[in-house]
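Common to both upcoming complexes is chain A, partnered first by chain B, then by chain C.
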Partner chain A sequence: MSQSYNRGLIEDFGRWREFEAGMWAWIFHKFTGWVLIGYLFTHIAVLSTGIPAAGAGEAAIAAGNDVYTQTIVSLEGLLLVRLLEVGLLAVAVFHMLNGTRLLLTDLGVGLDAQDKSFYASLILTGAITVASVPTFIAGAF
Partner chain B sequence: MSTQIPKQTEESTETDAETEPASKGDERRAEKRRRAAERREQRQEEEAEKAAADESTVELKVFRYDPQVEGKQEPRFDTFHVPFTKGMTVLDALMYARDTYDSSLTFRHSCRQAVCGSDAMFVNGGQKLACKTQISDLQQPVRVEPLPHAEVTKDLVVDMEHFYDQMEAVEPYFQTNEYPDGELEEQRQDRENREKIKMSTRCIWCGACMSSCNIAAGDNEYLGPAAINKAYRFAMDEREGEEMKQKRLEIIEQEHGVWRCQTQFSCTEVCPKDIPLTEHIQELKREAVKNNLKFW
Partner chain C sequence: MAERYSSFQSGGRMWFLQRVTAVFLLVVLAFHFFLLHFVHHADEVSFLASSARMEQLSYYSLMILFLVTATFHGVNGVYNALVNQGLTGTKRTVIKWTLVAASVVLIAQGIRTANAWAGIGLY
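And now, the complex of A and B:
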C-alpha cells in the first residue's frame, strides 16, 4: 500500500507566493482578530487601575496623582506605545472593513468583486492609518 | 536528468535468468533484452542532451517519489527538457518526458481535454488541470507537484479516496418522490431552474478545489467545496421536490457542512471549470438559515 509523505510547508503556507486576494484577506482577518483579542486583555489591565484610583480621594484625582492617570500618562510617554497605537488602529480598521466585506459576502453581495473589495479595504486602511499618525505621534519626541 | 536507477532492475533480470534452466533461446532473448535496454538508455541520453542544448525547450521540474522502490523513497525533483511546440500543455510536456526520457514517471490522465478530471496537479504553486494549462502561460522552470493536502501514492499521483468519500456523502444523484401525473409524463425542468444550476453541473471531480481549501485540509470531516457544490446542484433542482430538498439541507447544514466555509475564495480561484463555488456555498448557507429561522 501507499505510504504517506509529509511535504511540509507546501501543505500550508509554503505556497504563499501564489495566494490570491481572498486567501490574503482570510489570513489578515485571522491575524488582526487575534491581535485585537490580545489587545483586549492589555486594555482591561490598564483600565482596571481605575478601581484603586477611585478610592484615592477627590483631591488626588483632581491633581492627577491617582494610579489610573499616572499609568496612562507614563504609558503615553513611551514612543513604543505611541507606535503600537498606530498599529492597533491599522489592525482595527482593517478588521472592521474586511468584516464588512465578509458580511456582504455572506449576504451574497458582490462576490465577483471580492478581490477588489479586499484591495479597497487595504488601501482605505493605509490611508486612515497615515492620516492618524500626526494625532498619535504628536508630542512623543 | 532523470534519477532512474536502471542497474538494480538489470541485475534482477539477470538473476532471474540464472535460476531458470538456461536454454540457448533464453540466453539469446536475455541478450536481446539487454541490448535493447542499452539502446534505449543511449537514446534517452542523446535525446536529453539534444533537448538541453536546444533553445526552444521547456524546463520541467517534476516531483518524484516512489515508496515501493528503494532509492526513490526520498522525494526529489527531476528536471526534464522538453522541446516546445505551439499549443503545448503541461500534460503534453509530461507525456513527452515520460515517453522519451523516463517511462517510470507516473501521473493520471485520460481524455486530455478537461472533461475527465484526472490530471489536477500543483503547477507553479497553483492547483491546475494539466491538460488545460498552456506552457506558454507559465514561468520557467515549470514546477509540477502532486496536489497538496493529499497523500502522495507515487510521483504525481495522489490518493483521491477521501475526496470521493466526501462526494458520495452528499448523495450525488437525482432522487425524487414527486412524480408527474401521467405514467409516461416526463419530469420537466423549466429554463430558469436549469440556468440556476447550470454552472454547478460542470464539476468534473478533479479535486483541485478540495486541495486548495485550507479549511478542508485542517478538518477531514468538512464536506469540501466540490461536495457542497454537488449538493447545491440537487438541492436547487426543483424537480426533486420539497421533501427531498429538506433531506438534502439536513446533510448540507450539519456541523461539518457549509458552516466550515470561511470564504477564502481559494476554490473559486482554482476551479478549472469556473464554477462559482463560494457563491454556491454562501447561497446554501442562506438557505439553511431560512430553513431553520421562521418568525411567522
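And now, the complex of A and C:
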C-alpha cells in the first residue's frame, strides 16, 4: 500500500531546493502551459492578417504580395523568430510528453516510475528539439 | 492512499474535460507541428497554400475543433493554476469571466481567420 506524504505546498516556490522530481514536473508543466496559452493568443493575432489579405486582388495573392504572406515571410526571415520557434517546439514537446505521463499516472499506470518517466520526458524533449534544429533554421541565413 | 497533486477536484467535470481535450490535443498538435514545420516549412507559408488547406472541409473542421479544444484546455489550465495559487472570492469570479471573455474573442477571431482562408463569406 502506498504511503501518504506531506510535502507542503508546491506553490511555495521558495522551497525549491527541497523539490523532488514530481514537483519539478508539476512546475515545468505549469510553466510550459503558460507559454503555450500565451503563444496561442499571439499565433491567432498574427494569423488574423489573413482577414485583410482575403480582400486583396487575385494577382496580389498569386504573387504573394498580400499582407498575410508578407507578414509571415518577414517574421520567418528573422533569426530570432526561428530560435523562438525552436523554443516553442521544446516547450510543446515537453508539455505533450509530461502530459502523457500525467494521463497515465491518473490511470494508475507507472506510478512507481513517475520520477524516471519525468527524466525520460526531459531527455526525449532535448533529443527531439536538437534533432529539429536543422529543419527550423533552414533558410534563415 | 497516496496524496493527490492534481489541480482539479477528483472526478470533477472540468478535470475530465481537461483530460479528454489533452488526449485530442496530443494527436492534433503533433499533426499541426509536423505538417506546418516538417512537411511544409514555415518560411514557405503563403495565403494561397493556407487557403488551399482550409478549403477542405475535413481540415477546416479539424482546425476549428483544434482551436476550441486548445483554448479550453489552456484557459482552464490557467484558471486552475491561479486557483491553486490561492485565488478566491470576487477576484476569482472576475478572473474567471475575464478568461471566458478572452476565450470567446480568441475563438471568434480564429473562426473569422479560418473563414477568410476558406472563402466563406462570414468574416
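Please note the rule applied: the second predicted complex is superposed on the first by the 130 of 141 C-alpha atoms of A that agree within 3 Å, B and C clash if a C-alpha of one lies under 4 Å from a C-alpha of the other, contacts with A are read in each partner's own complex, and residues count from 1 in each chain.
The definition used in the following text is that a residue touches a chain if its C-beta (ideal position, glycine included) is under 8 Å from a C-beta of that chain, and two chains touch if they have at least 3 such contacts.
As the structure is a computational prediction, the values presented were derived from the model and not from experiment.
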Query raised in the report: Of the two partner chains, chain B (first) and chain C (second), which one does A:W26 touch, if any: first, second, both, or neither?
Result: both
Does chain B (first) or chain C (second) touch A:R15, or do both, or does neither? first
Of the two partners chain B and chain C, more of chain A gets touched by chain C
Exercise for the section: Considering only touches as defined above, state whether A:D106 meets chain B (first), chain C (second), both or neither. Expected result: both
Between chain B and chain C, whom does A:F41 touch in the aligned arrangement: first, second, both, or neither? second
- Query: Looking at the overlay, does A:I72 come into contact with chain B only (first), chain C only (second), both, or neither?
  - Reply: second
Tell me the contact category for A:Q114 with respect to chain B and chain C: first, second, both or neither. first
Chain A positions within both the chain B interface and the chain C interface are 2-5, 7, 10-11, 22, 26, 102, 106, 111
So, in the complex, the side of chain B touching chain A is made of residues 65, 67, 73, 75, 122, 124-126, 145, 148-149, 151-154, 159, 214, 217, 262-266, 268-269, 276, 278-279, 282-283, 285-286
Chain C partner, complex, touching residues on chain A are 2-7, 10-11, 22, 26, 30, 33-34, 36-37, 40-41, 44-45, 47-48, 50-51, 53-54, 56, 61-62, 64, 66, 68-69, 72-73, 76-77, 85, 89, 92, 96, 99-100, 102-103, 106, 111, 132, 135-136, 138-140
Within their complex, chain A touches chain B through residues 2-5, 7, 10-12, 15, 17-18, 20-23, 25-26, 102, 105-108, 111, 114-115
Given the complex, residues on chain C that touch chain A span 1-3, 5-6, 19, 22-23, 25-26, 29-30, 33, 37-38, 41-43, 45-48, 50, 67, 70-71, 74-75, 77-78, 81, 84-86, 102, 106, 109-110, 112-113, 116-117, 119, 123
